[in-house]
Each structure stands twice: as C-alpha cells, then as structure tokens.
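Each of the next two complexes has chain A plus one other chain: chain B in the first, chain C in the second.
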Partner chain A sequence: MARLLSRNIFQSFSDFGGCSALVRNVAVGREARWWSNEASPAVKVTAPRTSLNQPGLQTEEQLGLWYTLEQDIAKQLFGLGGIPKQFATQCKTFAETCLMIRKPALTTIDYIKKTNLALPPNKFILYGREGVGKSLSLVHITHFLSQDNWLLVHIPWAPRWRRGFKEITASATVPGRYDHPLDAVIWLQHFKSQNSQLLKTLQLETSEEYKWSRREVTEAGAPLIDIVELGISRARFASDCIMAVTTELKKHATHQRCKIAVVADGINTFFCLTSRYRLEDLTYLNPENFTIFQAFMQLFNNNWRNGVVVASVDSLANDGARRESYLPRYLLRQKGWETLDPFIPILVSNYNELEMQSIVDYYVDRNWLQNPGASSDTGRRELAGLSSCNPYTLMNICNSL
Partner chain B sequence: MKAYQEKAQALDALMFEKTTEYEIGRRHLANMMGEDPETFTDEDIDTAIEYLFPSGLFEPRARPLMKHPTEVFARKKVAEFDETGRPFHVLFYTGLPNYYQVLHDLSEKVRELDSFSDRMMQYNIHKDPERTLNVGGTEWVKKEQLEDILLEKLKDKQYEFFVRSMNRLLDHPFSYRVEEFIMKFRKHVQISVIHKEIPKLMFTAEGTPYMAAVGRRKTSTASVTVYGRGSGKISINGEDLLYFKYIQDREQVLFPLQFSGLLGKVDVVADVDGGGFSGQSGAIRYAISMAVRSFVDEQMMEKMRLAGLLTRDPRRHERKKPGWKGARAKYTWKKR
Partner chain C sequence: MLKLGGVTPRLYSQVLRLAASCNIHTTLSTFSELKAEENEEFRTLELRSKKFVRQPARVMKSHNVVPPRYKRQKVDQDWGNVWPAARTFHPASVPLPVRQGYPASGQVTPDKWGNAELMKIPNFLHLTPPVIKRQCEALKKFCTPWPSGIETAAEQEKYFPVMVSKSTYLHSSPTLRDQKARIVTLRVSLKSLDLDDHGRDKLLRLVKNRHDPTTDCLTIVADRCPLSQQNYDYCFYLLTVLYNESMKTEPWEHEKEVADRERYIWEGSPSQAALQAIIDSNEDSTPEEVIEEYKKVVIDLHNEGEDEPTLSRYRDSVMKLVGLA
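After this line comes the complex of A and B, so read on.
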C-alpha cells in the first residue's frame, strides 16, 4: 500500500494533461475548505474538531467534525461495554475518545428531543451494511441521553447473551426459563455505573415485595437500587433482579416518575430462533426462554409511556444463515417486525466526501497515517477507492499503513 | 581437372537449356493469358501460374511455381581455373577468394576515402552533414546470407571480422561515396511492432464519454464500461468494490486507474462471471486497462504496456498427472 502512495503527485498531473476535459470541476464552497492544497504540501493537516462536547448542543453545522468524549464519562457510561473493541483499542492508542458527528446520530437526537413523551415510546432503528458506523452512532446517542437525564437501559451487544454467554442455568423461580448468572451480574453493574447519579436523585422505589429465597426478601417501597445491588452480590438471583428492575422501571415511566431510554445494539438477536445452549435432549434452546431476554422484550412493547427505544439491527447479530441482507424486515423476521412495528428506520451509510476528508485529516493529525502522500489528493483517492468509503474497512486498511 | 571442367560445362549447358525452356514457357503463358509476350514480366508469370493452377495448400513453398533457373538452382562456383589448371582469381590459393576479395576491396575503399578526406582538409571543406549515408532501417547481412552472396562457407570469426571491418568503413565521414558497395551487404529490416487500433471514445446521450471492454483471466470473463467525468464510483455485479473481500483483489481492480491517474475521475461498471475471486479481479483489471487506453495519451499507454497492464495473462490451470502429486510436483522419491 505504501508503494501506491509514493508516486509524485506533480508528475501524475503533468502526465495526463490531455485528460483535463474529463476532470470534474472542483465544487466551490463548503467542500473546498476541507481539501488540502496541492500547491503547498508543507501545510500541516489538523483534525477538524469542535469544542461542543455536549451532544445536545451539536447541530448540522458540526457535521464531519470530531468531538471529545471525556475519559471519565466514557468509563462511567461504557466501562462494561458499548464501545466496539477495535475502536476502543484505537482510542487507547490516540489517548483520546473522539467521535465524528454524523447525520444518523444527529437526526435521532433531534427526533428524541422532539418526542412527545405522553405517547407510546418512539422506536428508532439504525440499519446499514456491516462496518458502516451503527454501533458508534449508538455511542453518540447514548452520550446524549445520559447528558439529557434519561435513565439508561443499555444493552451493549445483545448477541453476547445468545451465543457468547458465560453460563446458563435453569431458572429456580420459573420452570422452563433459563438464567444468565454471570452475564446478568455484569449488566447490573453496567446499569448501576451508568445511572447511579440519576437513581439517587430520582429515588425510585419498588412497588411490590420480591421474595428471592426464604431469607432474602425485598419489601415494597424499598429503593430500586437495593435490587440492583442484591443482583450484583447474588449471581443466582441476578437474572430475576433484571426482570424486577425492568418491570419496575416500566411502571415508573408510565407513571411519569422518570424517562427511560432503552438502547440496544443488535436488537434483531432477540428474535432469532436458536441460541448456543444445548438442552438434555440435544436441541438448541430458543432464546425467548432466557429470563433476561424476556425482561428486555417487555420494554419493546407499546404499553408504556415516557420512554424511547434506540436500537440497531446488524446482520452480524443474526445467525450465519440469515445474513444476506442488511434491511430491517429481513433481519428482524416476522416476530421482530410485529413486536417493533411501528418504528422509525434510520439508514447509516458509508462516508460521504466530507466525512472522508475528515477521517483522513483525523488519522493524519493523530500520526496514524504517517506517509506524506496520505494527505495528498492522490493518497486520499486511493484510500477512498480501496475502502470504498466504508468506515470499518478504512480503519483496517489504515491499521496496516 | 578434366572431370572438373566437364562438370562445369555440363552445368553451363543445363542452365542454358533451362533458361530457354523458361523463356518458351513465358511466351506460352503470355499467349494463354492473352497478354503481349514481349512485355510479360516475372510477376505476370507468378500471377498466371496462381490463376491457372489454384492451390489450397497452406505452405506457400509447396504451391506450384515457375521461376527463372537462376532462382531455382543454387548458384555454384564453377570454372575457377582454366584447362591448364591456372586459377582465374588472384586470391584462389587463400581458399576463400571471394571473401578475401571483399576485404581487399574494403581496405582499398578506406584508403580512397582517407585520401579524399585529406584533399578536402587541404581545401578546408568539412564534412557536409546532409550527405551522410543513411543506413536507418537496415542491418548487416547475416552469416548465412553472406555465404550465399560469396558462395563460400565462412567461419564465425571470419564473419565477425567482416562486420567489424564494414563498420569501420561505415563510420568514415565520407562513407556516402561508397554507398553502393556498402548497400550490397546491408539488408532492410521489417518493423515487427504492429500498432493496434485503439478504439475511439463513445458518448452517451448526455454527452458523457465512455468506453467498453472485455477482459478474461483464468476462467473468468468481465465486461466493463468506464465512464468519463465521474467521481470514482465502482460497481461490480451491482455491488460495491467490497464485492471483493480481500484487499489484494481490490488493489488489482484499482491498479489501472491508480497507475493512469484516473482514480476518482472515472466511474466503472463491471459485470463479471466465472472463476473465483482472483480470476475475476484479474479479468476486471485487464478489461479496465483496455478501456482506459481510449482515455489516455500515447505516452501513458506505453507506460501501461511496460507495467504489464495491457498483457492478457495466458496462464491457465494445469492438469494433474497420474502418478504425480500435482501438475509438476512428484511424490517423495525413495532410493530404496
């Protein structure tokens, strides 16, 4: 790849002076300010940043710019999941967590701001090809929701519970249901870390009594955080705690005591037909029998208020046989479509020209692309061509440069 | 010696007989074709024979021909000495009289030209650049051809010496004065490079220039259209460039565009079928290179040719042979 980028740009332009008729006119205006000047390659390329680090204040003017997610906020919100692994490694290398402001996230945030909370929850489903930026858009939206004092029910990557679970046990309370002891504990810790401040201020209480065993009982009227902490300390009851928490939150939201945002990455995994858990009769368990799946699925209904559901459908969240298309109807199957209908689909697509400029500027600024030809016009065109403007592919290409 | 003389006389008689037959044949042919016998040339004879004896044979030398005996019978050296045994040629006892005669003439000519140039220097006349001998498009006769001219078998070293000496004569500033002598030993060279016609750009209804081409590699076929005034969009079988999962295949597709500087300036629409990802990407690359020829000037086209973009890769899958592990690999050979 480095070979391709080392051609002398002036040589290439003088070589095909006869083809000037075929070169499209450079768009004057907004795009022009992003393009690095051919005549002065010595100009240092800086990442186009913005200081508006609150997603609520960002507008279309900031499209393509990079905003910084502070380290402590990132740790609090996404310490136990949420940011894709490869991106997280990259952030560690760059010593900062920066996100590009893109249209899908801004659109969703705008809709959320305008939502009428008295009506059943709006459901925003982000869809798009693999590696196009759905998960990171969800990160952006989650940041906004947490800043806007929404209570977050955040599912970092749902398929982990269907096919990458740590342990599954048969439920002690309900026959035919199956628990995720360890995964549930992790989720409760995640929930606590994201919402601890808000839970303190809201002072939500349980509406009924929960009997976990002969000795462990949570009375009605106890703070909700007690259930969370019980679940964290007792793995055996953790899944049931999640069920209790989600039921309580739904009631609270309907009675207008708080506003709840359900954020789920890979929501189509809830409607898959098999999981990786094998029963005694050697059949694979249908994931609808998982306690935590049932717990969250009750939040996808329309029978509550003061809420919003933001999710992504990803072909990678489905089983291998059903990944041909990236469109929601195909990925959600009949059951998912009926559960989530009506929803607002939001397309996330590859980088456009502006975003392509921005990402290359950012990589050059962070010294990730060190070849001087990377920021030249030819270099940018090569990167755009080779990755076909797909964010994930571009990241992989740049990793090896 | 007598036998030698008889042989020489027999050959002379044969040649005379054949020549008279040829001339009679010429007059007959002229009458048959309805032409004037006096002005019937050798080329007319060839046309007449081709007309009267049409042949479906592929090899030209196998077809019926009628040529002058001097062309049919190989020239031989005869009558080198008279009945007393005295050789005619001065250099007969060198063994290669014609060869050494040529070298002798050459050295004489060199001396002549040197004395001429001395005289010119006296009168202060310098070499006229316009009167330089032009030997462009010609080369020295090969050893076999020289042997045919001289009717003598030569050794390689003798041939090399001949060429070196002739080059010395050629390098003389006034070599144009002996042009006739030099040109006897120079042969015109056929220009073997065939310039293919590059198809001209076609235009769509909107006025966008485009070019279509077909490319093949292994068992894949790709038909590609390259549209000018584009933004670098590439579509393969309706999908993105990410149709190819491996970066090598994507690089193959982009290489002709990157090399010619058209990356991001033209749109490509490709339909590819057959083979696997490697063959398909190679087929698309070749097709794009062929189409791009119409967009690009001659200098760049030459560079592309040198880069190997315009060469159809002829390699195909080689079959496995029975008793061998693969196409070429053999099983482990055990001594015992």
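After this line comes the complex of A and C, so read on.
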C-alpha cells in the first residue's frame, strides 16, 4: 500500500465549489428532491458481499465482491504488521476487516494451487503503481496461504528494517554484520503468532546445536519453537535466532517436512545499496550486512524445494533516486534480478468499472459516504475522475467527505 | 488713465507697433480710446469685457491620398514583378489580410497596418513557387546533366557514402567575409564502413552523441581551423583515425566487465544458471523450445528495455518453464 499523501487532490477537491455534486449540500438537497420526484424512491445501496470467507474457495465469479476476514484471524495473522496502517484504521472505523476480491490475488492463489513443489520455489512478484492495491492483495494471498497450511515467513514491510529501524547493533557472533535487536523480536513474535498452530502439529526440530552464549545452548533435536521463544525473550540473540530459524526451515522444506511460503512486501528494498545506519567512518551501511536481511535473502535462492515466494515490488521501497518506474526489473536492480530470476510478474492495476461500483457501494453501505449524491451516477463518475480509479487516492478523497 | 479689462496682449502689441511706426508718443489707452482717436468719434465706455470672439476653426488641409497599391492590383498579376527581391514587409503592396502578434486583452490579433512584428520577421514573398520555377528555368542552361548510374538514393549511398556540406556567405557590408563559412560537416552511414561487432561498439563509444541511432549516421562537424579547406581535411583525418582505432583491439580491452557491456549477453549470466537449476530439478524434460523462448525473452527484456509487452512475454515464458501455463 502506498504511503504517499496526495495533498493536491485535497486542495483541488476543496476548490471545487458549487459545481461538485458532492460538496454543496444545498444544491444536492434540491437535486435529491428532484430525483425523488422523478425516479423511484431511493434504493438502499448495499455492499456486494460474499459469504465465501475462505480464499481457497473463491473463484472468478466472486470478483468485485467483499469477503470478511474474521477479527481473530486478522489479529492472529496481522497483529504485528501486514495490513497497511491507514486501511487498518479504516477497518477499525467500519468495525470489520473486509477485502475486495480482485483479479491479481485470485490469479496468484490459482498459480500457488497449481505449483509444482518439486521445482525450485516459484516467485510471484506483484508490481504496479503506487496505491494500486499490492499490499492488500498480499494480505488476501497470506490469508489463503495460512488456511492452506503453508508455514508463513511473512515480512510485513521490509523497508522499515532498512530505513525506520528501531535500533542497530554490531553483531556479536559475526564481525561485519549488524543486528536489529528490537525489530527481530517483533518479527519473531509475529512469526510465532502466525504459525503457532502449524508448528505444534508439524513438530519441527533443529538439526544442529546452536550455542548462543556460555550458558544458553539449543541442542540438536530440540523443537524449533524453542529458538523462536529464546529470540523473543533475549533481544541480543534475536537476529541470530531468525538466521537459525530460516536456515532450519529451508532444510525442512527441502526434506519435504513442510511447505513454506515466503511473503515479502517491498522485496526490492533488499537490493538497495544504502541504509540509514551510519558507521563510525560516516558512510551509510550497505543493507546486505544486516543479519536479518541475509537470513531472508537465503530464502530467495533457488537451492531449496517445497516452497513459494510471493512478494511485491514497490517504488516507495527503494531509495528516492531509483523510483522513476514501477516495473520490476528496474526496481530490483541488477542484484535483485540475478537473485530472483526467473520470477512471474503479476500486474496490479487501478480499479476497473466493476470494482469502482463495488467500492463506492461498500463505502455507502458502511455510511462512510453519507451524501446522497455519492451513489448517484454523477457522483460515481466524479469520484472516478478525481481519483482516476486509483484505490489509495479514492480512499483519501472519501476520508474527507 | 483708466485701467479696464479687455485689453488682450495681442491688441497691446498691435497698439505699440502702430505707435512705434507712426512715431507717436502714446500713453496706454483703452481700445475705445484708440478707436476714438482713429475715427474721431465719441469714445464709448465699455464696462464689460467684450465677449470672446470665437476664431474660426483651423481647417486641416485634406491631402489627396492615393489608395493603397493592392487595391489597384489585378487578381492575375505576376507577383514576381511586384516583389522581385527580399524586402521588408510592406502592407500596402501585399493583397493578403495578414494578422500577426499577440492580441491585447479584449482585442483581435493586430492587422498588417503598421505591424512592427510583421516587418521584423523575414518574409519569403520574393520566393513564391512560380518565381522559383522561373529562376530554376533560367538557371537550367548553366547546369550539366545529372551523371548516369546514380539516379536512386540507394545507388548514391553506394557510390558516394560520404556527404560533406558547408555554407558560403556573401555580405554587402564593408567586409565580404563571414566566419561561419569555415564550418564543414561530414556525414557517413555506418553501414558503408565495414566494421565488425567489436569495431562498431568501439566506434560508438568513441563518437558518443555524434551518432544518430535512428538513421545510423555518424556526423562530424569541424570548425576549429580558420579555413574551410583545413576543416575539410581535418574531418577526413578524424574519420580515418576513428575507423583505424575501431579496427584495432588494445591489450586492456579484455578487462571489460559485465557492467560495461552495451547489451545483455546470455552466455554465462546468472539467469542461465537459474534456468539450469530448474531444468535439473524437473523430472520431465523441459522442451527445447521453452528454453529457447525463455532465453530470447530475457535477452529482449534487457536489450529492448522493460515495458508491458516485453514483461508479459517474459511472464508467459516463465509460466511455461515452471509448468503453470
């Protein structure tokens, strides 16, 4: 989900004055009366919903419909990240987490169902302009993956570790590497919350001994959850725990003990050249030296089986100098291309007509758009024109109505 | 002496002149007194000033204006005789209702009368097509016939691949010369130079933006010498040097790295290694055409640039490769 604020849109909208069907209440009141005289009495607009809340069962017939993500599942899967902040506040306002069923997510889910797990992991990269719905499509796909018993390695918004990290310390174990103590703890908690059920049933074990300090040792054959819990309790070792967990999971997947889905939002940030952390010699650190980055990058390779990688490339995940295009090869740079090739690029685009109808119906149903002109034909066309059918822009416009 | 109003300065001066000419000593007296002296009448006392006598309005002499020339021009006149040489725009001679310039607010575009903008810009009224045709016809007798064997552009390109152009200038000012006459431009198509891949790449790196990719032409402009003959020789010298240097391979050229390459080369690339990994782990053998298609698509994605068509071809090819299509 894009983070940009289109202030210009706000400006132009407030300048609209009397010609807008949505802003001037007086004019609309008159028009509403005229409509009610002319047309049939106002039909209550309801959101087109579907009761099929299992993404695995959704087909093309449900395109444009809204399905509900139960509160407890949403909390379990995305409690510590995954759903974009603004959308999360909107869900809180509406008292429900509903997602629109759109083509890119359904296509990816379809491909995941048909994946040949004996080959190196298929990489599905969602790409598109800013604010077009990549992050929310990933949310939809993650929901499917967790329902389909995939072990989730979910990276909510990768650039946070490169640009907005809480703390970075030099690694105690490997010189030249840098840890994220607090961010790693949060991720391990997230991993545990998403996969707790599956880890219990799968009973994965460590294959080798991990010595964290003189007193803390994890023996070979111990349950994998032990490493996760150790990392959560000891922030100093959390990044190394992530490294251990990912290595172990890779081995388990290759030996067909589980199937692993790596979901990464903003994967192109892994291949950026600078982070915000300044070393003593005043240069910015290359993010490839981060322990957690190395831990996840080993999952992007081709040398394991029984897995799938679903990611999004976002121009906002790159540094400011490399944001000209939204196309994946440009955003991934040489290094990202070499790591991820061959991948399947999946385009996510703006709303089409069906989806525009659906979103406006949903907002009207949730009483977010209370102006009677909103659901009229003119109002809809005006919303489509102002936002150019871009989901994020439309959300921002409707916030002020 | 009574001093009354109504004595105009003109009258005053007239009186004095009169007095001066007549050699009469006069004290200033009023108009009536003067009149009385002249006419030897009883002097009238005028208490009120005389009304201002309106002088007749100045009559402007109406000149006989000749109507503008274009009104007297015939429709089928010979325009070449009206405008035989380059001339500043003259609105009365041009029978066209031309307008030029940015209109003031609320006004229309200014017309041709007294239009400085129209007069400033060069006009080509002396070079209308019939006039040009006439001039060409007149020049024809001084021309030699076009050589046989080079009628078409392809033949011209084949036998005369190099095109050299320069301009000459003639001034009718104190100096005849113009410095711009020393500039010489040499144009040659790279197809005419027998260059292999390495030679072409090296030449393009040497000439940089002097090469036009759309027409595949190299253009060399020389103006560093004072005489055009010297610049001409310099152009050919440059061409010779460029060609010979491109054909040579220097010992350090083997240090060229992947980042220096001008196009994407498949052999030895990580994409090839990744493809191999997929082929190896596939139990059913991957068809040859799928591999070839993938290779071609990846090369196109890099060499032709990334956009929706190349990306969608890449997507289809990868899907076939991993068995999703």
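Quick notes on this structure:
Everything below uses one rule, namely that the second predicted complex is superposed on the first by the 361 of 401 C-alpha atoms of A that agree within 3 Å, B and C clash if a C-alpha of one lies under 4 Å from a C-alpha of the other, contacts with A are read in each partner's own complex, and residues count from 1 in each chain.
As a convention for this text, a contact is a pair of C-beta atoms (placed from the backbone, for glycine too) under 8 Å apart; a residue touches a chain by one contact, two chains touch by 3 or more.
The shown structure was predicted, so the numbers you read here are calculated from the model rather than taken from an experiment.
Once the two complexes are overlaid on the shared chain, A:L327 sits against chain C while remaining clear of chain B. By the touch criterion stated above, A:G385 is placed in contact with chain B alone, chain C being left untouched. Using the contact criterion defined above for the overlaid structures, shared-chain residue A:Y284 touches neither chain B nor chain C, since it reaches no partner. Once chain A of one complex is fitted onto chain A of the other, the partner contacts of A:P345 are limited to chain C, with no touch recorded for chain B. Contacts of A:R305 after superposition on the shared chain: chain C is touched, whereas chain B is not. Shared-chain residue A:T393: touches chain B; no touch with chain C. In the superposition on chain A, A:N116 contacts chain C only, with no contact to chain B.
When the two complexes are superposed on chain A, none of the residues of chain A touches both chain B and chain C. The part of chain B that touches chain A in the complex is made up of residues 209, 228-232, 234, 240-242, 247, 250-251, 254, 257-258, 260-266, 295-297, 299-300. Note for the complex: chain A touches chain B at residues 1, 4, 12-13, 15-16, 18-19, 21-24, 378, 381-382, 384-386, 388, 390, 393, 397. Within the complex, the chain C residues that touch chain A are 259, 270-271, 274-275, 277-278, 281-283, 294, 298, 301-302, 306-308, 311, 314-315, 318-319, 321-324.
Residues of chain A that touch chain C in their complex: 111, 114-116, 118-120, 122, 302-303, 305, 325, 327-330, 334, 337-338, 341-347.
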